[in-house]
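Take a look at the structures listed below.
The same subunit A turns up in both complexes below, where it pairs with subunit B and then with subunit C.
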Partner chain A sequence: MGTAAHRSIWWLASPLAAVLLLFFAVPLVLIGVVSFWSYTGYSITPAFELRNYAGIFDGCRVGGAGPCVVLSTYLSTLFFCVVVWAITLVLGFCIAYFLVFEVRSSRMRIGLGILCTIPFWTSNVIRMISWIPLLGRNGMVNLALMQLHLINHPLEWLLYSRFAVAVAMVHINTVFMIVPLINSMARISPSLIEAARDAGASWWQTLRNIIIPLCRGGIAIGSIFVITVVMGDYITVGLMGGEQIASVGKTIQTQIDALQFPIAAASAVLLLAFVMLMILALIRIVDIREEL
Partner chain B sequence: MPNNKAVSGVSRRKLLKSAAMIAGAAAIPEVIYAPAILAAEPITLRYLSTATNQAPAIAEQAFKDTGIKIEYVTVTTDDVTKRIVTQPDSFDLVDTEYFSLRNLVPSGNLKGMDAKKVKLFDKITTVITKGEVNGKKIGDQGTSPHKVLYLEGEHSKKFAKSPTEWLTLIPTTYNADTLGIRPDLIGRPITSWAELVNPQFKGKASIINIPSIGIMDAAMVTEALGIHKYGDKGNMTKAEIDLTIANLIKYKKAGQFRALWTDFNQSVNLMASGETEIQSMWSPAVTAVRLKGIPCVFQPLKEGARGWASGFALPRTLTGKKLDAAYEFVNWFLSGWAGAYLNRQGYYSAVLETAKTHMEPYEWAYWMEGKAATQDIHGPDGGLLEKKGTVRDGGSYETRMAAVACWNSIMDENEYMVKKWNEFVAA
Partner chain C sequence: MRQKRSRSFYFMGLIFVAYVLFLYGPTLTILLLSFQGPTGGLTLPLQGLSLHWYHDLMLGHGLPNIRIALWNSARLGILVSVLTMVISVMAGLAFRRKFRGASLLLYAAIASLILPSIIVSLGIALEFSLANKLVMGGGDVLASRFGDGHGNFLANGIGMAGNWIEDHFQTLMGLFTSGLGAHLTWTLPFGLLIMFAVFNRFNPSYEEAARDLGATSWQTFRFVVLPLIAPAVIGVALLGFTLSWDEIARSSQAVGSANTLPLLLEGLTTTVTTPVIYALGTLTTLLSLAVIGLALTAFAMGQRRVRGAGKKA
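For the complex of A and B:
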């Protein structure tokens, strides 16, 4: 009977496995294969060359003048990753804490939770364009600051800058941190917190020794969401950075637009490897499966 | 907040416009029941191009006149090329740019167009067929259309050196691009491409972020600054690419550019919101800013303009009735109605004399002869474009097209150029 149950489990999993194989694994393998092909402006031909990978690292020498393009691009993307991750973590943690431990009525909790999804009510492009009247040279923020006589000239760095990119990214990604954190916090037994309080723990001690350790899984999952989205997001970097800030995704898009599919594939493989390494490192710190 | 007011006024207008478009679309089915059309068994052609070359009104009129239904497939400039190379069966007719042909023709996915089947072929403007306007040679650098107009045979993958029966593209629209400026914010005459990097506009300039086009604008700037005289701006050597990009990076690091733009709408937003005062621009984008009631000029410059041209091609696999219908549509397109429509948008049409018969004399005088408008000028959708007395920027057809210094192109060193362009973006 045991083997029969086993078999039926496999059968139940097979549709998902087939979908993943067909629409995820196969294309991924193809990208890997194409990354070694050679190309002209109008054709790609099967080959095994390292030219595409060599091309990515062109100009990267020890002792070269300044970092090469790929390095500075990754550093720039990594910068956003760290900043956005740190801000969304703190912000997401506070909001989740408030929703779970401070809001008493569940209807209120649902209502406030829905408010957190407002950034997703409009399309990405419209959201980006809407930042212009807010942060632009003649935007609301600048006008308000000038009318309050806090500044004499409009602040240029509010829009089309790293600041603007970080603001927009935090705006979109905080909810990815909130949801898994709410999930973790909601499962913390109130009796644990009561016990801590009875034992004389301060609010801060309870937070540090009970709540944060029990949220490790939520933090890890939220971090994976935020990191993977930020690493691949070239649209926000492009629109909010005025297309003047490099991002790995934009480089790939430019290569695809120039019909340089193999070199774009090589860039994609590199990005994938990089993100996988980051996530592997994260999983080594927190065993997500154990936490679920 | 004068600007914000203007912006919100526009979105209302836009809303009205799209409502009108929906109403227009809803009106189409009524026509289908006309008996003459029923007998003709309407054929549908999938028309692939960028949004700038598509107009529901043209499709509607074509259906009335020929019974051919046009189904627009709208993508970006680069995606047109990508589609032709990777999915040549996904369209029946494509409107693409001459400069892309260097990548398209060797793919073998397009077939030559038969000059004998194009009734008005002899009347097509010499700007395209010979690189001349009224007998005068115009700038030939880059992919001037006449260099890539003919194929050696219907299925040839090579351009012919002298005229043959087989054509790569039958022209639809063309124009000369230059810098767009906000005269109200600048307040002095602008006459040179060098102004794009003038420190006066630090943080208020923008350049297009499509490498093959942006590099040409950059070359116009570099030449205007007197840094380098290019052999052919449309086909630079590696050293010339290095020099051009290094120059761009220098200005980028100094904070010259407010932003770069890729998408038509981005360029409109930058200019309309006052984020930029001078930038690479396309003619319909300038019109779009003006329609918002914000002053914007497509400024003629002494070094000349960057020309572009697009035209119809057919996929290799097109046969039978659809092939006949495609030729019929192309012939209809050249026969005047569509040409007049395009001219009223500020583009230029392939066969001028037929377009002229579909335009009012005062319209022709304003758009094509560079004369002051004797009446208010309306756009093809009926909206007011210019008040009586206005003169078109850049002057007459002849003046504007004669000012072309180079054409959009794909260089021999394209791969290298794209890589260097990415360096500029990353710098």
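For the complex of A and C:
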């Protein structure tokens, strides 16, 4: 390829590169740099010190005084991560399975698949607000349970609670599992499954020994999406948790609001490291198995 | 002849139906409640049916700053949509060939999509607040060195610029600077992935034919490639709009003092106690749905067009 042709390709790619450089790469580098800076009440100054990181782990020394806030925050966020990941994985798997293997007409499959993905393109905030009439104190769920005489007083933990946060997260994020899983399953050759059936494999054996292993890639990609979204979430936890529940993202948001940029940056570096480790672990699981 | 359905069909089908109800149920509930009678509240039962809350919404009752938020979201959305379309198509064309840095660029786009929004948002806020400091510091330096009015024409001009910065400069952060950038980090990866899908199915022999007939690369693009991909390109623009229209996680720390519709809605959840918020939510969702519907139509048309062209060839 000539240099002229090469130059024209560069020209085509440059707007994307410029946007990603200016609004993604440079900001990430700045987060790393500023996490070592020092700050006083209202100003930040260049420095190289570990005070911000030390501040995050304040109270975490073994036998030290005070609560280890960062640990409890991460545990609180990880709780959502595990619960939401497990539910979206099972739910997403069943839905993808139904669409790919049970729905026979391809037009129907595309239509139902689109039905599952449309809400993704609408507002998350409105989708969260939509839970208020259902889960609120006088909401439909409480009314129904009282009508059925299953409870005497409205349940208070339905809204603005960990439960509500988990429901909204599943509601919003299952699509991230469905799409990659459909993608993986659609690539499985039907003759492979037929062969397994012919060889006497039960439905469960086919699922366990053929379909699930061939969906590893989709599972990994879906898991990466769900885990990163939940780990960094602050909107859902804030709105559905009634601003009362701690999460890693919410901590960073509070620090930004207080203009404590260096400490927010250090928290962000920690979150980034945590998320990257999880992503690497997921990618590795996939690769290792593919080599076997 | 129809085969008998297996037990797994009914089991998985039941889960599917339950999921769809779970997915759409809440939205349909607020759609219903937006028609709540004037005396009704945020929850069922309905106290009659009315357009009362839509009327309130039109008048802006109980929703301060709604107009400016709508206007901000609309104009930002349109700009993001156009930029997403142009940049994605250009990058999509570039990625059809190999170039140095291609995989780095692709990884950056994917990382931009999956890294937590709070981190992207913080980074942009940080970048702009440092840039503000730089501008203000620069203004001070210019004003103190050239602002005494004793230099030549150029020096005085620079000094006046310095004084102006000292007196008037507030922030570089805003809807169309940091806010726009934050939205593009979210919309561009989607645009790029869609363009990948479009070009994967694209038959390069049309372009070869055009080139053989002596068309320049611009002519080939303008008269052969673009007409074929046009519907998909419009689809990218529409999806870019709805992604921006509903975006909150990346904007929230990065738009500065401006309010967008999702940010306003988030704030309203704690203050508004009437169904007017459902009316606003319903209208916003309807706009998103209309845009998605148009985008899907565009993609379907695009596929038919490429397939049709294939048949003729």
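Heads up, the rule we're going with is that the second predicted complex is superposed on the first by the 255 of 292 C-alpha atoms of A that agree within 3 Å, B and C clash if a C-alpha of one lies under 4 Å from a C-alpha of the other, contacts with A are read in each partner's own complex, and residues count from 1 in each chain.
We adopt the following convention: a contact is a pair of C-beta atoms (placed from the backbone, for glycine too) under 8 Å apart; a residue touches a chain by one contact, two chains touch by 3 or more.
Being a predicted model, the structure only gives us computed values, none of them experimental.
By the touch criterion defined above, A:Ser72 lies against subunit B but remains apart from subunit C after alignment on the C-alpha atoms of chain A.
Which of subunit B and subunit C touches more residues of subunit A is settled by the count: it is C.
In the overlay built on the shared chain, the residue A:Gly41 is in contact with subunit B alone; subunit C does not reach it.
Judged by the touch definition given at the top, the superposed model places A:Pro133 against both subunit B and subunit C. Judged by the touch definition given at the top, the superposed model places A:Leu143 against both subunit B and subunit C. Contact with neither subunit B nor subunit C is seen for A:Ala86 once the two complexes are overlaid on the shared chain. Contact with subunit B, but none with subunit C, is seen for A:Tyr160 once the two complexes are overlaid on the shared chain.
When both complexes are overlaid on chain A, the residue A:Thr228 reaches subunit C alone and has no touch with subunit B.
On subunit A, the surface patch touched by subunit B in one complex and by subunit C in the other comprises residues 129, 132-133, 136, 138, 140, 143, 238-239, 243, 256. Of all the residues in subunit B, the ones that touch subunit A in their complex are 1, 3-4, 7, 78-79, 81-82, 85, 102-104, 106-107, 203, 206, 209-212, 252, 257-262, 265-266, 269, 273-275, 410, 414-415, 418-419, 421-423, 425-426.
The residues of subunit A lying in touch with subunit C in their complex are 1, 5-6, 8-10, 12-13, 15-17, 19-20, 22-28, 30-31, 34, 91, 94-95, 97-99, 102, 112, 114-116, 118-119, 121-134, 136, 138-140, 143, 171, 174, 203, 224-225, 228-229, 231-235, 238-239, 243, 249, 252-253, 256, 261, 264-265, 268, 271-272, 275, 279.
Within the complex formed with subunit B, the residues of subunit A that make contact are 40-43, 55, 58, 69, 72-73, 76, 129, 132-133, 136-138, 140, 143, 156, 159-160, 238-239, 241-244, 246, 250-251, 254-260.
The residues of subunit C lying in touch with subunit A in their complex are 5-6, 8-9, 12-13, 15-16, 19-20, 22-27, 29-30, 33, 41-44, 86-88, 90-91, 93-95, 97-102, 105, 108-109, 111-112, 114-127, 129-130, 178, 181-182, 184-185, 188, 192, 217, 239, 242-243, 245-246, 248-249, 252-253, 262, 265-266, 269-270, 277-278, 281, 284-285, 288-289, 291-292, 296.
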